[in-house]
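Take a look at the structures below.
There are two complexes below, and they share subunit A, which is joined by subunit B in the first and by subunit C in the second.
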Partner chain A sequence: MMTNHGNRLTQGQFSYLPDLSDEQITLQIKYALKNGWAVNIEYTDDPHPRNTYWEMFGNPMFDLKDPAGILMEIKECRKTFPNHYIRVTAFDSTHGWEAPRMSYIVNRPEKEPGFRLTREERGGRTQGYTIQSYASDRPEGERY
Partner chain B sequence: MSDRQTVSEGKERYQSGVMPYKKMGYWEPDYVPKDTDVIAMFRITPQKGVDPEECAAAVAGESSTATWTVVWTDRLTACELYRAKAYRVDKVPNTGEGTDIEAQYFSYIAYDMDLFEEGSIANLTASIIGNVFGFKAVKALRLEDMRMPVAYLKTYKGPSTGIVVERERLDKFGRPLLGATTKPKLGLSGRNYGRVVYEALKGGLDFVKDDENINSQPFMHWRDRFLYCMEAVNKASAATGEVKGHYLNVTAGTMEEMIERSEFAKELGSVIIMIDLVVGYTAIQSMSNWARNNDMILHLHRAGNSTYSRQKNHGMNFRVICKWMRMAGVDHLHAGTVVGKLEGDPLMIKGFYDTLREGYTPQNLESGLFFDQDWASLNKVMPVASGGIHAGQMHQLIHYLGEDVVLQFGGGTIGHPEGIQQGAIANRVALEVMIQARNEGRDYLKEGPEILANAAKWCSPLKSALDTWKDITFNYDSTDTPDFVPTATVSV
Partner chain C sequence: MGETDIQAEKPDLTAPGDDAPVDLDAEFQDSHIQEILDKLDRELVGLKPVKTRIREIAALLLIDRLRRKFELVSETPTLHMCFTGNPGTGKTTVAMRMGEILKRLGYVREGHLVTVTRDDLVGQYIGHTAPKTKEVIKKAMGGVLFIDEAYYLYKPENERDYGAESIEILLQVMENNRDDLVVILAGYKDKMDRFFQSNPGMRSRVAHHIDFPDYSPGELMDIGELMLEEQKYQFSKAGAEAFREYISLRVTLEHFANARSIRNALDRARLRQANRLFAKRGSPLKKADLMTIESEDIRASRVFVEGRLDAKLNEAPEQP
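What follows is the complex of A and B.
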């Protein structure tokens, strides 16, 4: 079990808050759409902090401007991957940004075992550190 | 009507002896600055009885080609081009007769780009602030702002990481980053120091920071600090599943030692290092190159700046430092908090933040920006707000500073009555709940205290933080405020 605040993975904008309700998620989607950002849904069962490329649940929804429609996609993703981490990312294509502007978790596994820190003792008192999710010992798709 | 006084007849102009700068070609009221000119705007307080235009011409002269007397060797050069040209002098509003303040003048001076070596802040500053500040004809002198031509900006690499890439590397979007400076800043052993870092990061901060004067003292040598801090960073990263960092201060007595420390930070896997402004412009540019070659975020602590940036009549405005540092290529720069313990008028701070973060900053006299400035796609610098801020001010901080900023709660984390982790939790919860409210379209500035109080009902560390610091504010008058009238009047 994770021993940090909330006993949970704290990536994303809102992991220190109680899980967002669908209504609250919709308000955040509206904010992204108001700014002209494209919303994307991604899922993974390998939440390593440097695992950048979560699987895409379809392409970013460049042309979908209806928050209810996006929420439906989120629900669809949850139904397909109920025990995965799912995050909503909003992409800004404006010159000078061209990068994600929002990212928050909307689904997580019931149990979050956390990460093992492995130390490799090296010379001169230095150590090589490796972080690995306990769950990722098992094959993809069978982790949570 | 022009009052150009330049003597253009060669024989008369180059007669040996002393001649007013105005007559030597340094005052050209008809001059229209070229797009490729560097422009500097100085606030001049002339000595009693000295004509302000002559003062401006003298500053132009001494910051470019002139010396105190006429020299015939000028005639071997394209000297008209190399002479900086004072072209505009405006009386500063609310100074001079009828006020308590001696008359001051905003003086605009244009420099041809050929006066400067490409990509060298040292060369630029040796001209612009090299000699003139001790000049007897002016009683006081302050560099207020500069306009950098795009062609010249393109000779600088700028920040190697910048806000966009820093966020991608850290996997943190849509909210300010959270930091803290380890306290007490001096005296902790490496082992105890790392404890503070671990607790704060595990609690929820993204970064912890060495203070400006933590280098390698008897109580803690630098290698020891680096080793314990990286243990803390990695442990906290495993405990939360987030990328974490600690700004390892590599400031040292020589460039070679700074590089040695940077290499060690890299070997240990740190994502960020820091240096102090006092290392000097050339060292900063060298460190920026090193950071670019080694994928390292470079944090700059503005140690020493207030010795010359705070007083209004002499020195230089901090916005100029912001410009130079964006060109020199740092990724983080301390730029004020508005609500904290250090100097900062809200509008002036906005000018600093815009200078660091925007792609284009239009003239905005209210926030002290005297020129339109195209940043030529130089990366954005992440401003850092540090000094006397706490969770109870979260709504104000987000309102004034926006989301692309590192909010550093040193005392506001470590001083929490229940412990450092709890302090960090309080800050992170306050931050997330306020960003949520902002995005939901609530009037978070007005409702801020209520939003925080509601979150404190389910988050007891936040409740303790709010109770502890509820009445702490630093309401002193700012010394550095903008001087402007809505439409600038020209007194020439």
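What follows is the complex of A and C.
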């Protein structure tokens, strides 16, 4: 983590950039809507990179024409979970894709303590590695 | 959205001075609003008070736009509306046009119309209504939310009705998201008046109350001819005469739904015309025959024969 100043979680698009402003988020949503992708809002307080299934905030939003409604939900989600990670995903349902096409973080906890690296000695002088978020020592909902 | 907002925030070095001439004409040309108003005039018969009000709203928004160029900041005008009138007087049709007009004037971003009734907004159990209403609102953002028969949202006889919750959310959005969507409520006049009486919050958020008058027999005839023309049909001379008579009889019968009754009558006339032509098969047929509605296609209606409505299509109240 020495190379990641401030221990900022870097998952999904734009995560090496400064946090997106609401205006920039709006433009990204616009792009997704233009492509006909359904936009979802998801949150979690378990930042482990293998935790791919975050909780959904409300239902996926199909058939929207304008980003304003989604931004409204993002703000609602931030109000409910001010210290969780919140991300926006855009799902492409066209045959052959059926997968998320975009995913980016739109809210993060104020303090991100980062990850502990644990080394494990194994037989035959092999070494196992694993990481664990310092935050996830505490129970769900009390982590940040 | 973004661009204009940014400009409004930082001091605009190019803002014209106090004495700079105001080119209202150029702005008007630019918006292409005249095209839409003309189209409205052409494609919708009558509706004088409605067209006048639309013209007024267009003028307001245009001036608002000009004022902003001079940095004369005022609140975005409230454009939520209420359309009252009997069935088939063109409320839905005008609402659709409204979206287009508001888009041209830069007041809504997309200009689409989302039409809903109580069932789309109000849920069946606790906790069902809010997400349902919000989902509809999100879909309508950037355009126009059209709530037909809005008074069914409010059921005074049942104080635990979930409709009140939906109204509450709508009120909030109508106040806080004026830049994001325009709400149009529609319904019959007397019921709508009662609805507003019990929901003063709603009343105060609706800036424009527009009443759609019933059409005169002459206007109904014009509407009929317009509808035929759009579908590449025409009346023969006797056919037109028969339809004029049909209208004068039809308006006195029950379930009369203005322009919609005209549309339905013409649909049935087309059916009879097709049958008439089919029965004569073998004899030579010209393009004009395929296009023409004859007197007998009209006069076979029960409105003439028995003085009552045609069966089947009219057993249920007329649907859109």
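FYI, the second predicted complex is superposed on the first by the 138 of 144 C-alpha atoms of A that agree within 3 Å, B and C clash if a C-alpha of one lies under 4 Å from a C-alpha of the other, contacts with A are read in each partner's own complex, and residues count from 1 in each chain.
Assume a residue touches a chain if its C-beta (ideal position, glycine included) is under 8 Å from a C-beta of that chain, and two chains touch if they have at least 3 such contacts.
Predicted model, so just to flag it, every value in this text is computed and none were measured.
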item: Joint occupancy of subunit A by subunit B and subunit C, clash or fit; value: fit
item: Arrangement angle, subunit B at one end, subunit C at the other, subunit A at the vertex (C-alpha, nearest 10°); value: 100
item: Partner chain in contact with A:E142 - subunit B first, subunit C second, else both or neither; value: neither
item: Partner chain in contact with A:M72 - subunit B first, subunit C second, else both or neither; value: second
item: Partner chain in contact with A:E121 - subunit B first, subunit C second, else both or neither; value: neither
item: Touched partner set for A:E110, first subunit B, second subunit C, both or neither; value: neither
item: Residues of subunit A touched, compared between subunit B and subunit C (which is higher); value: B
item: Partner chain in contact with A:L27 - subunit B first, subunit C second, else both or neither; value: both
item: Which of subunit B and subunit C A:P100 touches, first, second, both or neither; value: first
item: Contacts of A:D63 with subunit B and subunit C, given as first, second, both or neither; value: second
item: Lowest C-alpha to C-alpha distance for subunit C against subunit B (Å); value: 11
item: Subunit B/subunit C common contact set on subunit A; value: 27
item: Residues on subunit A engaged by subunit B in the complex (per definition of touch); value: 2-5, 9-11, 13-18, 24, 27-28, 30-31, 47-50, 52, 89-90, 95-104, 114-117, 125-129, 131, 133
item: Subunit A residues within the subunit C interface of the complex; value: 23, 26-27, 58-59, 61, 63-66, 68-70, 72-73
item: Complex interface listing, subunit B residues touching subunit A; value: 164, 167-168, 171, 173-175, 202-204, 227, 230-231, 234-235, 237-243, 267-269, 359, 377, 380, 421, 425, 428-429, 432-433, 435-436, 439-441, 458
item: For the subunit C and subunit A complex, residues of the former touching the latter; value: 1-2, 109-110, 112, 131, 134-135, 137-139, 141-143, 177, 179-181
